[in-house]
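Across the two complexes that follow, chain A remains constant while its partner is chain B and subsequently chain C.
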Partner chain A sequence: MLSASDILTYLVFPGGLFAVLFGLLLLGFERIAVARFQGRVGPPLLQNVFDAFKLRGKEVLIPKDATNKIFFCIAPVLGFVGMMAAISILPISGVYGGTGANSDLIVLIYLLALPAVSNVMGGSASGSTYSAISVSREVVLMFAYEITFIIVLFTVALNAGAGEGAVFSLKGIVDYQVVNGSFIADPKMIPAFLGFVIFLLATLEVPPFHIAENSADVMSGYLMEYSGMPLALFEMTHALKLLVLITVLQIFFMPGVAGDSIIFNLFWYLVKSVGIVAVISLIHASLASFRVDQALKFLMTVPIALSLVSLFLVIFA
Partner chain B sequence: MDVTALDGNMALVQGHSSEIIHLLSTAILIYCGVKALYHKELRKVLIYAFVGMVVDARTLLDLGSSQAVPAFLSQIFVFSISIGMMYLAVKAISAKTGSDNLDDLQGIGRVMPKVAIPLGAGLFAMMGMPPFATFFSKLLMVSAFIDSGKIVSSLIQGGAEILYFLVFLRVLKIIFLRQYEGEARTDCSNAVLVPLYVLLVFNIIGGVFPAVAIKPFVGLAKMFGAVSVDVPLFNLSWPLPVLCLSVGALIVYFYGRKSNKVAGLMASGFCVLSMLFLTVTDRSGVGNYGIGFAILILFMGALQFFYSVSYMDHSHKQYRFYTFFMLMIAGLLGVSLTGDLFSMFFFWEVMSGWVLYLALVHEEDDFSIQEASKYFLFNYLGAVFLTIGVLVMYKISGSWAYEGIVENFSYTQPAAIGIAMLSLGFLMKAAQLPFRIDFQMHPKPAPTPISGYISSTMLKSGPFMMVKIFFIGAAGYSATSFLPLETIMYVSAWIGALTIVMAASFAMLTNSMKRLLIYHTVSQLGYVVVGCALMTSFGLAGGLLHFANHMFFKNLLFLCAGAVFISTSTDRMDELGGLAKKMPVTFFCFMIGVFAISGVPLFSGFVSKWMIYHAVMDKGFVGIAVLSLFGSVLTLASFIKFMHSAYLGQIQEKVENAKEASWYMLAPMLILTALCVLLGIFPSIALVPINSMLSEFNLQPLSVGVNTVTHGADSLNMLYLTVILLLGCAMVVAAYFMMKTKTRSTHVYACGAGDLTAKDSHVASDNFYEDSKGFIKGTVKFIKKISGMKGGYVER
Partner chain C sequence: MLSKFATRSPWLFRINTGSCNGCDVELATTAMIPRYDVERLGCKYIGSPKHADIVLVTGSITARSEPYLKRLLEEIPDPKVVVAIGICPISGGVFRDSYSIRGPLDKFVDVDVNVAGCPVRPQSIIDGVAEAIGIWKEKIKNWEEE
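After this line comes the complex of A and B, so read on.
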């Protein structure tokens, strides 16, 4: 059952406070990195933390046209709690083993869908036409990228099972790789890795998939009518989602440890995370966005094909 | 010429002549069928049908087996009774109206019900449906074929039956369902009616007491010189709750005419009463598995009737609707509560036969009739396969009771065919592979309570029986002969997985509320089929948990759609919008239903899906696992479309006068909502009974805690997850109150445009997901093309 240490992991580390702060810092880092790649100065590293604090005290505007105001207000909470729960079940190799129960790929996939559901619900309830359009786009993308995620997930589970069924436990996947070497070094898994990176970009809505909340054509989409604390919640959800996905990437493909010391391993985890964000920002800075139909076509072909290649290699080789 | 050559020649001549007779009778059969299908004069239609069916029964004599003679005699006799009854009825009608042309008789059944009822009963009897004597004689005939090992011939026979089924269905539609547009008429005098009803009573007695219908013909066959006659012994068992509900149906018919409210509450009460009778029923061959299903059947029935009290208020002749609905539930109850294959099939035919048809055409408009007839036809086709399967199972084991079948079961080629036929029939009931949804699924225009009931509960009879049959098959397994069953299961699981994605994709395209829910029923039944077809303890437990969960959330969604339909009188999603403002409670229930069906943690669908995925991967079926997980995404996507275009967005014209549903409707909805949440957090409520069912199937029970499910190294602790998620919510709420945040109401930003109407700024369901829809439509077109068809997805 739930013990004090469970609550602590949920509220402080590696979930809760640590995750929110680290996630917001990563977002700030990403903004700086993108700015530098584009030859701008960019905001300070702590900008997103400041934003969250500032928004917290601001007045909340609730649209008169919102169809259901209660729904409008609780929508952001759904995504936030989903991500908080997701980060607490994810193991960090050499640091934290994850919770015993619920620490499993299927739970993860359903929790990871919650932020999108929350965006969709909030945007839809706000009554704005722009939000409605962005809701439609969000779901179109979700439709496409989830297939990749599902296939990669089964590929990883099967590969970690090493021919004897699938391993669904996140801890089991990490442990297997710590003993047998990371999957990123496994040639069979390279296509799946690429597929997963594309999935990651799409679900984070980083260019080339900055479509649903694009400020240029749908006025930040589902976020448009949000202000004050709900907006801060969305920001934090986004930060947590970034961190969750990066951690999942590490669990799936590079959970290598840097020794037996927890401190070193934690440091190694942070370094890996920053490194991944740096790569994401490079992609962010160098690519333009797709139109939604182009994105759908791309997502329905390239990453799915890549992940299927890996799946077949894992099953038949 | 010597004697042997002569004998040889004679044999040759006889062989040729029997072949010629066979060809000739086939030609007559088809000719009479087609003639009867297009003929205008009702009496001639009946005569053609009679001749055709007698010629059809004649093929029995070619078999020369001991069963053939009594089967032939009983067929001829019950045909004569039924056709005679109908002929007399038609004569009486035409004496009154002066014509027996079908064009003049449109809707005549409505104005002359007393004389038309025997005619209608005769039509159903000729279709071979219970409770008429023809049901048994038809079974006897198929049994004679199967006894001689002619499974293919019996299938062809089934094809001929379908032709004649169409003949009778056409007459039925014209006489009873068309609107009457003639002068006022009085019914026939009692003197005319007496012989008709005597024949009807004969027919029904023969249909309820199989011994009466069959024994005399066995004796007769012996008189004709048959040496030993070995016909299958039909023993019909009537469990007490079924009897209670059937009697209740008749009581509602006669005493429920006063008002809709009385009838509805009475029907609901009878469901509860039958539930009490469950405690004293005979459990042999039924077990916890059957009893558990029966409890759910009656519970859902009670909710449905309570809901109908308000829903059916606008309708007409509600007592009639309740009666047929209750009889259908009684049939379903019979399927779950009988311990032998024969009674199961009898009640199966009650459930999906004419009773269902008459309940589905309740609204009596053209669209209802057309769609219900299609479904009726499809059910009939499914029953053809089941008839053969059931009789093959009897043939190889010599017993009707499930326990007897298990004991004497051995793997032979006919056994594999029998199991395949039964699986096919049960999969058809569950509408797997929605190729033509208008045939395969219950029709959209039927009243919502019955649509919800069929979707959530009645269709479960398919997977329910499939599991039973698989385990009978597994009981007779030996190392060498397990292969066919394994293949049938594997194919079934694949059919389930394909169905999940196919139906959910179609749900993305559709624009009608009910059609969307119907597609999702098929899709979710796919999960149940996948889980159950694995036949591992985890898979079966997951499948059965989903079986129960799906009842609650799917019925909930149907009831919400019904509430919307009542207050806006439209089924099209693009005419709706902004309902959440007018009907907040319905919206709340709907959202819980959506979360449950798409498997959001904390709600019921999640646990069962989690179990199914794990079980699938245990077996190593990666393709099935990927497809079924993807189906979940599609489910969520199509319900987001529903949510936005109907409940959220701007208030549309049709919605302006919408009102919240009445308490009669809200109460069942809220009960189901509570169940969706409760089962999501404490799956053990359902899993503990399921565990006891697993041991009935000789499977290892699961390790289940109050709120945990454990599978090998992985475990799911729903309470833990719930506490964590609620803790997050509590934190946010606390922060909100600590901040004392000010709020202000503003208008949404519309780029300065001030003259937008609600219609302009609403994104309707048509405009949702253009790109995904394009992709799905393209895929449909492509698949149709490679299978040789033209066109793309058609909204039916």
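After this line comes the complex of A and C, so read on.
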């Protein structure tokens, strides 16, 4: 049954308003951090919030030669709704328990694929050549990085089960680590952690995986024909995706709590998120991008091998 | 609503209409380097004309590029601000008597800011963009009232 607190969870905290604003702030922070690493001043912290508000007010254009106008219009909504659903089922350790459902880890696999699906759907429906190239690259990358994510996910589930089957509940995984120490301090899980970080970079499309919407060769990629409100939805989906992936990283590997106080734990969660974004922007500022075939080769070997090493260690050691 | 936030996030779109590349180098690289950094104003270079707010036109509009320029200017959603970068789109520069030049730019569209120079200095580019943001604010107000 839908209660008032469920609606509040979905619309205000930790989903909805809080997630969108915090995600946009994290994106702004990433842009500033990259600018500082390059010796520039960078935009103001609220830059991505300004961008989103500006796009809401602009004219919406639907191309005359779009191959499917219905798909073109619902694609941005699909990704946004998927990410909103994902953020509201994720527990924040010591602050919010998530849904507490027994198998929300499986739901997460499907929800995390939705932004990429919406990009592919919107890009291929828009009838632009740039979008078509970008979509084909996105699909190639998606098939490569999803395998890593699923292997890491089962490794974490098995490790949290401690030899008695797997735990497919996000809350169960967090509770296990709060009692027995974070997985990032567990030597068996270090390869899986590295694999997950590579997956995170590939999903967020930051260099070295800035391929599908690389402005140097495919201009704006799948966003080529979008303008106004739909483009703002894509921007917000991107912000939410960043937040969701960072939260998943914290649930899987570092859900440590700072004490009993909710305020203190929330603050600790925000600090951890900003720290992870700082590391991502260091990688962003210091690396160049792969070609799509190089990226495929890399993603099919290194992160999968790393996560498989962890899986075998967890099963047999 | 729009005018409050929009002036903090002007997105720039470059059109090269047969430029010698001098102004494009100043726009795409020099204006972005640590010493000048146009991103301070919230600007961002974007690849699609549909996302554009401020259009920067370089080059003296050759006969080959004329139809593409017209089509791109139509694709940019209103309200937009057009900035002519360098002497070529302003007057044709040293090429103005050539048989293959269809310029200057104000034959095709109302130009809001002229940034002269050959090539333009990065300081004057940033000055021109800042002026364009002011004009853009006025345009949004008029556009919202309509």
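The rule is short, and it goes like this: the second predicted complex is superposed on the first by the 313 of 317 C-alpha atoms of A that agree within 3 Å, B and C clash if a C-alpha of one lies under 4 Å from a C-alpha of the other, contacts with A are read in each partner's own complex, and residues count from 1 in each chain.
To be clear about the criterion, contacts are C-beta pairs under 8 Å (C-beta built on N, C-alpha and C of every residue); 3 or more make two chains touch, one makes a residue touch a chain.
Since the model is a prediction, treat every value here as computed from it, not as a measurement.
Student: Quick check on the superposed pair: does A:Gly57 touch chain B, chain C, both, or neither? Answer first, second, both or neither.
Tutor: The answer is both, since A:Gly57 touches chain B and chain C.
Student: Contacts for A:Ala35 in the overlay, against chain B (first) and chain C (second): which applies, first, second, both or neither?
Tutor: second
Student: So in the superposed three-chain picture, is A:Met142 touching just chain B, just chain C, both, or none of them (first/second/both/neither)?
Tutor: In the superposed model, A:Met142 contacts chain B only, not chain C.
Student: Considering only touches as defined above, state whether A:Leu114 meets chain B (first), chain C (second), both or neither.
Tutor: first
Student: By the touch definition at the top of the document, which applies to A:Phe71: first (chain B), second (chain C), both, or neither?
Tutor: first
Student: In the superposed arrangement, which partner chain does A:Ile315 touch: chain B (first), chain C (second), both, or neither?
Tutor: In the superposed model, A:Ile315 contacts chain B only, not chain C.
Student: If you count the residues of chain A that each partner touches, which comes out higher, chain B or chain C?
Tutor: So, of the two partners, B touches more residues of chain A.
Student: Which of the two partners, first being chain B and second being chain C, lies in contact with A:Pro44: first, second, both, or neither?
Tutor: second
Student: Which chain A residues are contacted by chain C in one complex and by chain B in the other?
Tutor: The answer is residues 56-57, 59, 61, 130, 219, 224-225, 228 of chain A.
Student: Would you mind writing out the residues of chain B in touch with chain A in their complex?
Tutor: For this pair, the touching residues of chain B are 578, 580-581, 584, 587, 591, 599-601, 606, 609-610, 613-614, 617-618, 620, 622, 625-626, 629-630, 632-634, 636-637, 640-641, 643-644, 647-651, 708, 713-717, 719-721, 723-729, 732, 735-736, 739, 741-751, 756, 761-763, 767-772, 774-775.
Student: Chain C touches which residues of chain A in the complex?
Tutor: Interface residues on the chain A side: 31, 35, 38-44, 46-47, 49-51, 53-54, 56-59, 61, 130, 215, 218-221, 223-228, 231.
Student: Under the definition above, what is the set of chain A residues touching chain B in their complex?
Tutor: The contact residues of chain A facing chain B are 1-2, 6-7, 10-11, 56-57, 59-68, 71, 77, 80-82, 84-85, 88, 99-104, 106-107, 109-111, 113-114, 117, 120-121, 124-130, 132-133, 135-136, 139-140, 142-144, 146-147, 150-151, 154, 157-158, 165-166, 168-169, 172, 219, 224-225, 228-229, 233, 292-293, 296, 300, 311, 315.
Student: Tell me, which parts of chain C touch chain A in their complex?
Tutor: Residue list for chain C touching chain A: 1-2, 4-6, 8-9, 11, 32-34, 37, 39-40, 42, 45-48, 50-51, 53, 75, 77-78.
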